Amino acid sequence: MKRKMKRFEGYLYILPWLVGFLALQFVPLVNSLWYSFTDFQLLGDAKFVGFQNYRKLFSDPLFRQSLMVTFQYVLIAVPGKIIFALIVALILNQRLTGINLFRTLYYVPSILGGSVAISVLWKYLFMNQGVVNNLLAVVGLPGQDWLGNPNLALGTVSLVTIWQFGSSMLLFLAGLKQIPECLYEAAEIDGAGKLRVFFTITMPELSPIVLFNLVMQMINAFQDFTPAYVITQGGPLKSTYLYGLMLYDQGFKFFKMGYASALSWILFVIILFFTSLTFKSSQSWVHYGDDV
Amino acid sequence: MRKRSKPALILSYILLIILAYVMIYPLLWMIGAAFKSNEEIFGTVGILPKHPVFGAFSAGWKGTGQYGFSRYMINTFAMVLPTVAFTVISSTLVGYGFARFQFPFKKALFALMLSTLMLPATVIIIPRYIFFKHLGWLDSYLPFIVPALLGCFPFFNFMMVQFFRGLPLELDESAKLDGCGSFRILVSILLPLCKSAIFSVIVFQFVWIWNDFLNALIYISSVAKYPVALGLRMTMDISTEFDWNQILAMSLVSILPPVVLFFAAQKYFVEGIATTGMKN
Amino acid sequence: MKKRCLLTASILVLSIGLVFAAGAKESAKASGDITLRMSWWGGDSRHTPTLEALKLYNQRNPNVKIEGEYSGWDGYYQKIVTQIAGGTAADIIQIDQPWLNELCSKGDVFATIDPTVIDISQFDQSFLDNYCTYEGQLKGLPTGTNVNTFLVDVKLLKESGIDPDTVWTWENIVSEGRKVHQKDSSKYFSSATPDIIRFWFEVYMAQLAGGVVDENKQVLFTEEQGTQAFTYFKSWFDEGIVAPFAQTSLFYQKFQENPDWINGKMATAWDWVSSMDKDIGSKQNIETRKFPVMDGAKNTGVLMRPSQIFVVNNNSANKAEAMKVVDFLFNDAESASILGICRGIPATSGAREVLAAQGAITAMAEKATNEGISQAGLPQSVWQMNSEVMQTMQDVIDEFGYGRLTPQQASRKMIQSLQSTLASL
């Protein structure tokens, strides 16, 4: 009896989510899967069309374009954000005077989030006569159309994402605080160098958080569309036309909810693939405190 | 703490200050812009207003139509506080469940939980809206609060899993030997070690729900119940004129609560395991 | 530890309390009382008078209360669409003109206007036929008249050696207009952003071929005509009439936020009268002019359309009362005086007279409106206003503007893309 209870004790704790999933998330999820096989146009009835939406997708040049843009975005923004967040967290983890203030200041961009100010401001930083070009001119470098040049725009937009590294940074900080001081003391006694301490103690101890940040940032970045939406609206020449933006256009601008649903489920599969890959690889580099 | 050499210290500070400037430039710009006219906001580059105009804060606070900005602030608290509280509770429980217990289908359920994050919200909006309508939740804060209560923010569940798993299993083992039940272990052994993680949950969820425009837009229709995210955009129109400085002034006011929360609760980040841990 | 437990418990109790407080339904209202909802977007100058007018209606009809669900522009369309899909839309809805067809084509979402309840005699009948009718049924009423206007910065023109009273033609826009950029390379004749180049293209094509797309989903122009149009607009880039897309594309749909426009470095703007005041801001020396029209033009391409449309939700439980409110908003003198020009220059003659008597319409707006109406061409076909068709045109124009397509390639590509988009609708 008691052993049986033990076997299911975990269910007791995950019960809230289990109920939540079944009661709140399951129905809309199945609905959207169903829509992907219909010509649902938001209003009116949805007619079953089989795999038509999925077939259409492969001949849609915008699908390819937005997928390409999204992969590039993920490749720039995710590592950029995580590496940046990690470096800053390491610096902030020191006991320096005024560190509280710096920590708050660095988190400010994440609080500003999708503030109405961001779209306006970003243009003024990166436009032709903007702040960045003015700064470059001081150093004697030629200005660029950061958001107007199709080759630069995606990079510039990714900067907004990287700039909001605050949440990842906080998690790294929280993770760093969890590392028992005695480990460092032991290493010091052994006379280990800084780099060695970092790679043999800090990184392994922090690896669960690295995995978390990597997975979550990846999942988010694949679906992201806010930065491109508020700053460039996907332009110039679709160079920032993220997959999420295409989804939004198809669903809410062109009313092709059936098609948008199909696009979503394809993205779902893509994200699932890369997340699984990450989890698979994590077995070799993530170290948990509960590893025996 | 390990000692640092003086040049390294100075270098650290220089880096910190340069970076701080880049990070808060927008904030400084917003403060300056709250005292600028539309023409100056859009026509010039720079932070300091050349022809300062005042009154944006008071006019913005007074608001438009029937309600002032204070109403939107109160609404936002009514929406955010329960959501954050429930998120903390549910994510701790669910995270603990996945991190420390073995049970049938655990891996599959965990994968399922994460996978709910992978479907873009855009296509879920309409089905969820219709679903919530049937539940009678529209025009209330329930679409935010109940999912929090039921752990439907997998981000936080997963986050807590990772933090719990970062803690050594010996802690649990020794407590078990002392006759502690699993809930007792969670509350008195593990949670005190996870303060910074819980603080992260509070801050993130607070900021996200506080800033959530899209969901508020969809679910809240009465102006009397608008949170600040909607209140801020109340007067922004494509054809009629509006004062950007009022909107920026209120943007500044509206980020105060998250900033204050963050600054005040920071000490949980400074306290590491070394000061609170093992003694318990 | 105990303290913490207590705190947690109290937060829990408090939160649960809040949940139920938020979920509790309002108590039933006295019988016979009607509560209507009306949604609109706008700024302060629209919210305040509209609420006041609705209050006046309530004073006159104490059993009818109207709740305003007003907001800014951001996300308004998505919200309305979601509400309509969910069957929860307000009784009276303010929509943008192009949405009428898009929404009506998806289902029977708006009630047909009942002329026995709403006096429509004061509206211009052809205006209603052209813009507020779907499949022969009147589905909404225009809140105001909105026309295109051509803004010129008199001072900058003079400084560039151009006669500010020039009557503009397609030719002299290039031959005279180039002087602005020649005189000062940081200045341009036109403030057009990529989306506005599309509007200009549509004006040109209306004159050359009657339009871009007709009611039967056919592309109206030939490849030669398309090439002619693109060749003409190529001269805008070559002669420095308009700034390169690389500089203007970030002001897509927001040319008025371009510092070069604000700071008087761009001499002219294609605009709507309804947003003219906002776009001019505090700029001085701006006057309105007529649009260029080519010889033998089939259609001027100058647009006149409702600034917005009021519709009644077909799902409404109180359609009749909602119609009465709409009638009040349009035809009541006191209401007209309260609302003023918060939705553009009113489309009813009665309201216009009230406002004229009050002097509420500025001389500039009146001049611009009269110029626009005198030049107004045929309405664009519903297919030309379709959001996907507009996006298709825009995509080709973007590629052309970035120099990726020659005029001939652009013409060919636009025809092909339009045809394939139209076929999919």
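In this document, chain identifiers A, B and C correspond to the written order of the chains, with residue numbering beginning at 1 in each.
In the analysis below, a residue touches a chain if its C-beta (ideal position, glycine included) is under 8 Å from a C-beta of that chain, and two chains touch if they have at least 3 such contacts.
All of these numbers come straight from a predicted model, not from anything done at the bench.
Given the contact rule stated at the top, which pair of chains has the most C-beta pairs in contact?
So the pair of chains linked by the most contacts is A-B.
Tell me, please, which chain's centre (mean of its C-alpha atoms) is farthest from the centre of chain A?
C
What is the distance in Å between the mean C-alpha positions of chain A and chain B?
Taking the average C-alpha coordinate of chain A and of chain B, the gap between them is 16 Å.
From the mean C-alpha coordinate of chain B to that of chain C, what's the distance rounded to whole Å?
36
By the touch rule stated above, which residues of chain A touch at least two different other chains?
42, 120, 129, 252
What parts of chain B, by residue number, touch at least two of the other chains?
In chain B, 42, 45, 126, 146, 149, 213, 233, 236 touch at least two other chains.
In chain C, what residues contact two or more other chains?
Residues 78, 85, 257, 259.
So in the complex, which bits of chain C are touching chain B?
Residues 1, 8, 11-12, 14-16, 18-19, 22-23, 25, 37, 39, 41-48, 51, 67-75, 78-79, 82-83, 85-88, 90, 256-259, 262-263, 272, 274-275, 277-278, 281-283, 307, 342, 344 of chain C touch chain B in their complex.
In the complex, go through chain B and note every residue touching chain A.
1-2, 4, 9, 12-13, 15-16, 19-20, 22-27, 29-30, 33, 41-42, 45, 90, 93-94, 96-104, 106, 109, 112-124, 126-128, 131, 146-147, 149-152, 154-155, 157-159, 162-163, 165-169, 182, 193-194, 196-197, 199-200, 203-204, 207-208, 211, 213, 232-233, 236, 244, 247-248, 251, 255, 258-259, 262-263, 266, 269-274, 277
Of all residues in chain A, which touch chain C in the complex?
Chain A residues touching chain C: 41-44, 120, 123, 126-129, 145, 147-150, 231-233, 235-238, 249, 252-255.
If you look only at chain B, which of its residues touch chain C in the complex?
Spelled out, the residues of chain B in touch with chain C are 37-39, 42-45, 64-66, 78, 81-82, 85-86, 89, 125-126, 129-130, 133, 136-138, 140-142, 145-146, 149, 188, 213-214, 217-218, 221-223, 230, 233-242.
Help me check something: in the complex, which residues belonging to chain A touch chain B?
So the residues of chain A in touch with chain B come to 7-21, 23-25, 27-29, 31-32, 35, 42, 88, 91, 94-96, 100, 102-118, 120-121, 124-125, 129-131, 134, 163, 167, 170-171, 173-181, 184, 188, 205, 208-209, 211-212, 215-216, 219, 222-223, 244, 247-248, 251-252, 257, 260-261, 264-265, 267-268, 271-272, 275, 288-290, 292.
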